[in-house]
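Letters A, B, C and D name the chains as they come in the text, with residue numbers starting at 1 for each one.
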Amino acid sequence: MVYITNKCKIVNDPVYGFISIPGDFIYDIIEHPWFQRLRNIHQLGLAYYVYPGAVHSRFQHSLGSLHLLSLAIETLRSKYIDISPEEEEAASLAILLHDLGHGAFSHALEGSIIRGVTHEEITLMLMRLLNKEFPGRLDLAIDIFTDSYHRKFFHGLISGQIDMDRMDYLRRDSFFTGVIEGSVGSDRIIRMLNVVDDSLVIEEKGIYSIEKLLIARRLMYWQVYMHKTVLSAESIMEKMVNRARELSLQGTDIFFTPALGFLVKNNISPADVNGKGGFSPEEIAKNFVMVDDTDILMSAKYWINAPDKTLSVLASRLLKRDLLAVEMQNSPFDAQKVAEKKELAEKRLGIDSQYLDYFVFTDEVYNRIYSPEIPDIKILSKNGTVESVSSVSDMFDHDSLSRKQTKYFMCYPKECR
Amino acid sequence: MVYITNKCKIVNDPVYGFISIPGDFIYDIIEHPWFQRLRNIHQLGLAYYVYPGAVHSRFQHSLGSLHLLSLAIETLRSKYIDISPEEEEAASLAILLHDLGHGAFSHALEGSIIRGVTHEEITLMLMRLLNKEFPGRLDLAIDIFTDSYHRKFFHGLISGQIDMDRMDYLRRDSFFTGVIEGSVGSDRIIRMLNVVDDSLVIEEKGIYSIEKLLIARRLMYWQVYMHKTVLSAESIMEKMVNRARELSLQGTDIFFTPALGFLVKNNISPADVNGKGGFSPEEIAKNFVMVDDTDILMSAKYWINAPDKTLSVLASRLLKRDLLAVEMQNSPFDAQKVAEKKELAEKRLGIDSQYLDYFVFTDEVYNRIYSPEIPDIKILSKNGTVESVSSVSDMFDHDSLSRKQTKYFMCYPKECR
Amino acid sequence: MVYITNKCKIVNDPVYGFISIPGDFIYDIIEHPWFQRLRNIHQLGLAYYVYPGAVHSRFQHSLGSLHLLSLAIETLRSKYIDISPEEEEAASLAILLHDLGHGAFSHALEGSIIRGVTHEEITLMLMRLLNKEFPGRLDLAIDIFTDSYHRKFFHGLISGQIDMDRMDYLRRDSFFTGVIEGSVGSDRIIRMLNVVDDSLVIEEKGIYSIEKLLIARRLMYWQVYMHKTVLSAESIMEKMVNRARELSLQGTDIFFTPALGFLVKNNISPADVNGKGGFSPEEIAKNFVMVDDTDILMSAKYWINAPDKTLSVLASRLLKRDLLAVEMQNSPFDAQKVAEKKELAEKRLGIDSQYLDYFVFTDEVYNRIYSPEIPDIKILSKNGTVESVSSVSDMFDHDSLSRKQTKYFMCYPKECR
Amino acid sequence: MVYITNKCKIVNDPVYGFISIPGDFIYDIIEHPWFQRLRNIHQLGLAYYVYPGAVHSRFQHSLGSLHLLSLAIETLRSKYIDISPEEEEAASLAILLHDLGHGAFSHALEGSIIRGVTHEEITLMLMRLLNKEFPGRLDLAIDIFTDSYHRKFFHGLISGQIDMDRMDYLRRDSFFTGVIEGSVGSDRIIRMLNVVDDSLVIEEKGIYSIEKLLIARRLMYWQVYMHKTVLSAESIMEKMVNRARELSLQGTDIFFTPALGFLVKNNISPADVNGKGGFSPEEIAKNFVMVDDTDILMSAKYWINAPDKTLSVLASRLLKRDLLAVEMQNSPFDAQKVAEKKELAEKRLGIDSQYLDYFVFTDEVYNRIYSPEIPDIKILSKNGTVESVSSVSDMFDHDSLSRKQTKYFMCYPKECR
């Protein structure tokens, strides 16, 4: 007698080879339209304008994170850490859904479509709604996601200095951009995981891999995520959405794809998302899950012909990849220099002074190798003591790790060079 | 004194590492909005519904093919084949632009948006228009593309049994799907290239790599391109577009994104594309280059709420990835069996009999390892004679290579299993 | 409380990443000097004379095969095939030790050091001796190895058309030679394994991967294993060993490293290996396990200065990689042509006619895509029937698969070109 | 007419795919027995005792370094740095031959076989002898190797903080060990190379790749090169050779393979190598080039049966991989602790007190991320200024880069745990 399982439980992944789906409920969640929607959201916003291969989606990243979590659980169990099937499912759900609240173009428009709300807050809103649809089945997953479960290491696997999210995105983004130096030995790090006093720790001999992870992350940060041309492209897109919103709120009749229009024109607020505003989470969710990258690109195609010159030019530049010039440096730009560029833009391109801010502007971005507000990476020495990575590593001290590195950039039309 | 070239001439590619852009004019063509548009067209249609990594674009594939062509020219020159800078630029343009005429979702909707016209014909139309924009600069490229240049091997590099297009797509599709068995030793094959009597040949010791290429292509064909779930998804998309067109031509007011609407509602014909219809190539091009995958996905979002039930259900199933069941076999389906499925669909889902063909249907796909209508792969033996691969290989004979392999599939709603 | 296992159970492998050692006894066997010895035996004989990367050892290959077996067992268990811990250990031992009987330079000198005995026979001899050392612990492993265990699929995993040995060597040899086309989707094939009526079968959708495996094997065969320069190098080495043996048996005092000398000078026979000769298996084993590649290379260094000109020239040519010219063709060489080369060798190099056979000779090699004497690859269709791959594949028929492909080569000194 | 080059000029390499040999003279040098000898020298000493894949040879590494040099020259020429064909050949020879002076097991026995002489000194001796064999053809290569050529950047490509040697060994060692975190973006770094005032510089945007390189090197250092088990194995091998030398110099009749015996028994000195001793460079070279890893392993097989217990035990432990236990820490070991281990060894294993130092010993190893004595890595900013990496990087300062990191290890028999 031959048994063949009904549901396809194996997914091909170019990064890991094959990903097994652990269980039928997880599979059903993956099939859910809300999760399928992530297929049409670029993991790296407009990074594909610079790295043509970086067209991978949040869908893949979520599956990849799930895969790493399965490996982590397998490792921990082999070290006699007790993990129940319920905990495994809950942690799997939490990592699988952790990016469900990402909107069009991921971070690039985060806060631009729904103002003042992070993607994590929307994730939580959507998880709670799914928990109604599958009554109570996501209770524990939500606890882990919000760090209210007492076995803290589960949250650490989902969100922390060395979580499965980060491990996957570094490997995956490195793979798809072709920036191979960003790759991370996720296999080795995961095999070094352990749990002491309900906290995630790394065994001592993994210290060099951790150092490598931190440096790889830094490299990806400046070389990919904050690449100046990517910043220029994403700034244009953000300005474009802002201009459309502004015009619309001023009463101008501006085209929006329907669900995007709902979110923008109604100025959905944090209160709404948290269930204390004029719109219910159900109403917001219904529209939110219909918005993905295609809404932005499609709206931009309409906006090329908008009567408003500013909106039209921004949309056209975005779609034709006719980006603004960009300079990047370690200190803020001189106000005088910005003023000169504006003057040039006014003179050479005839941009009305009230719209100059859309085309000549400065901004800043920053990075820390790791975030001091998140619990430290803990290293488990062979004699059983647990210490902070910054006290164990002879390479990094706490200062160099948590120092905030800020860069400043200025964008302006190429014609003003 | 340090010279740094002004134009970025190197592109990161996850498959090959780095791709150098050979020359400023090639670079300008890549920057052209018509070429940039390829960023938003999936290389493999809806294959990403089965292989989540297969989100790569025609843009990358075109750059990759260009890269392989550069390697091929380098190899041929090292074997004392004379290739002038003009020929190099022309061949580079021809391979770079060979897919410019692909529409939304590549092959999946080829012939559905503009009926009766292949993507090659549209490519040619667009190349001719570019040749007006850059007066005469594409003359030779067009000759090579249409095989009217007397040194036939240039066309062979662009389009033939072992062209750079195929070499790139097999490697790239294998890379992004994760189906590693489809990978192809493009480096080795390219190093085996030579030219005899103006024809492309493969040196004898490359014979096993060629056999491997043919088998890899066959594997990719059935495992990816014609994967039954991919066929099911793409059939739904095609039926959806057809239904929208049909309703529109019947006079129903159906939403289309603007440029897509132009092409569909005007029923653009082969005559138009060839400059002998009611619409000029300029008019067609202007709209064609504004249509990409986002137009289809966005229109589908509107169509979910269309009054026409058929259109609405097709759009909904597509977007939610709620696909039809599909069976595949080596012989045609029994008419009786199809009729039974239709009956079930009518009974269980209440589909009106006149619309059953949208939900229960059969179709066929076929493959040949290589195409008998295209010039054979020629093998150059060590003693200088040139023979057909089918007479040299002790593995394949001409019959097995050119035999048409047909498979039949039937789709129907899962509820009718 | 933190548990850290005492024995290192994870090995880094460049092909698979990490290999876990399943259990303490398996670990002890790996640590055994007889197994450690495999570190100094090149997996691919002298292929590294052509492919510099092909310096990998039988040690790695044995570990790699073990790893694939673990994956296969995991897959089969997930399909509800019952496999006991004892069976798992026995199968693991059988695959781990399957190449224990390989001597210096693997296949290249198989039959030259101990005449008339295959490496499998020596493996069996050594396994039986180990079974005395660890009383009875290898009983079941030996049954599986000799195909005397009733659940035949275990033997099929160790030795058959799609065994783990072949799967590993194709991937590994491809990896280390850099002939990437030889790579095999071992992950996919293993996931398609199943067992019907105690026989190993491949599920239907794995058919293209199987076709690919067969072609990849064929490619590796002719491009690597039987590469003409490799054949030339290995022929010289074999002739050299034969000449040394001959001289020694004639009574000439020829240097041999000690254990190698024992095997060669005593003319160890099949009867000895099978325990029916003048030397006991224990005595043979004691010497056999001390011989590896270094004995041959070291003896050759001595032989460079041997008074016998033939031996001296062969050793010198081998060590300096001053190989014989080699021609390869599909039909036997004309006797006349060989005679001419001999005449030239005599004239130009002054080789005495009685020694000409050492420098001018022909030989043949052959390959079958698969071996008709071994049970067929069986394909399990979706409806549960089991058929031969040759009746299911529309690419291969039984004839093309089992056809013996013979090639002939002739070697002679380069000076006789 | 078809031209096929006579000499095979392309080599398959698993790391880079294909390596082209630039020119016939380079090819002849590769075919030279002195260079072929490198095939039998492990690049990483006994690292393959821990990482079974690390069996790659100095031969491959030398070819790989040559390949990277070719890429570097191509890059520099594309930036209008004038490099003549003579300079290209000389630099190619210098990098190709840079490791010619490595003896058996590379660094592991450096200074043990020929005392007080580095491999670079022997390389120089051998290059000078080759320069006699090919009169004057290596003049410029020797100048570049010894840094006496006025265009300093050539030496920088051969030997410096970011030379092609280091770039290849990090990538290659990472590839063969499977420690993927050690991999280095050699392609990217090479494309960032430039020359200012005859010095090698890195363009500014390569700064993150340089940081990554430094950290990867550090990781490989502690995780592979100085892995404690590797240190234990190599210490045993070194002690074994030392013991054999000692016995031999005391007049005991100890077996050595012939050429190894010449070097050890004659106590070849730095003066000899520099042509000012009792033996001529020709005599030394003649023997030196006959010694490779096989001499050590073969001698060890003889030594197992040596009457001297110490030598016999060391040889046996080495060959059976029955290594000493090893502890590693950041501070020197307490003398008291070492004394206790010795006492245990005497008591439990009956080792005579005068030989205890062979089995219980401490040693230290150290690493610097980069070497302060070698010219700094220089970064070329976009405005044309050149600065030290330590002043440009906001991650590393000069102190952290050049700080000497020392680790201490102690070995002792496992029975004394």
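One rule holds in what follows: contacts are C-beta pairs under 8 Å (C-beta built on N, C-alpha and C of every residue); 3 or more make two chains touch, one makes a residue touch a chain.
These figures come from a predicted structure and were not determined experimentally.
Chain centres were defined as the mean of their Cα atoms; on that basis the chain farthest from chain B turns out to be D.
Interface comparison, A-B versus A-C: the higher count of C-beta contacts falls to A-B.
For the pair chain B and chain C, the distance between C-alpha centroids works out to 43 Å. Separating the centre of chain A from that of chain C, both taken as means of CA atoms, is a distance of 50 Å. Note on chain placement: the centre of chain A and the centre of chain B lie 32 Å apart, centres being C-alpha means. Multi-chain contact residues of chain B (touching two or more other chains): 17-18, 179-180, 188.
Residues of chain B touching chain A in their complex: 11-15, 17-18, 31, 33, 36, 39-40, 48-49, 51-53, 55-57, 59-60, 63, 175-180, 257-259, 290, 293-295, 297-298, 301-302, 319-321.
Residues 179-181, 183-185, 188, 208-209, 211-212, 215-216, 218-219, 222-223, 330, 394-395, 400, 403, 405 of chain C are the ones touching chain B in the complex. Residues of chain A touching chain C in their complex: 2-4, 10, 17-18, 79-80, 187-188, 191, 194, 196, 203, 380, 382, 384.
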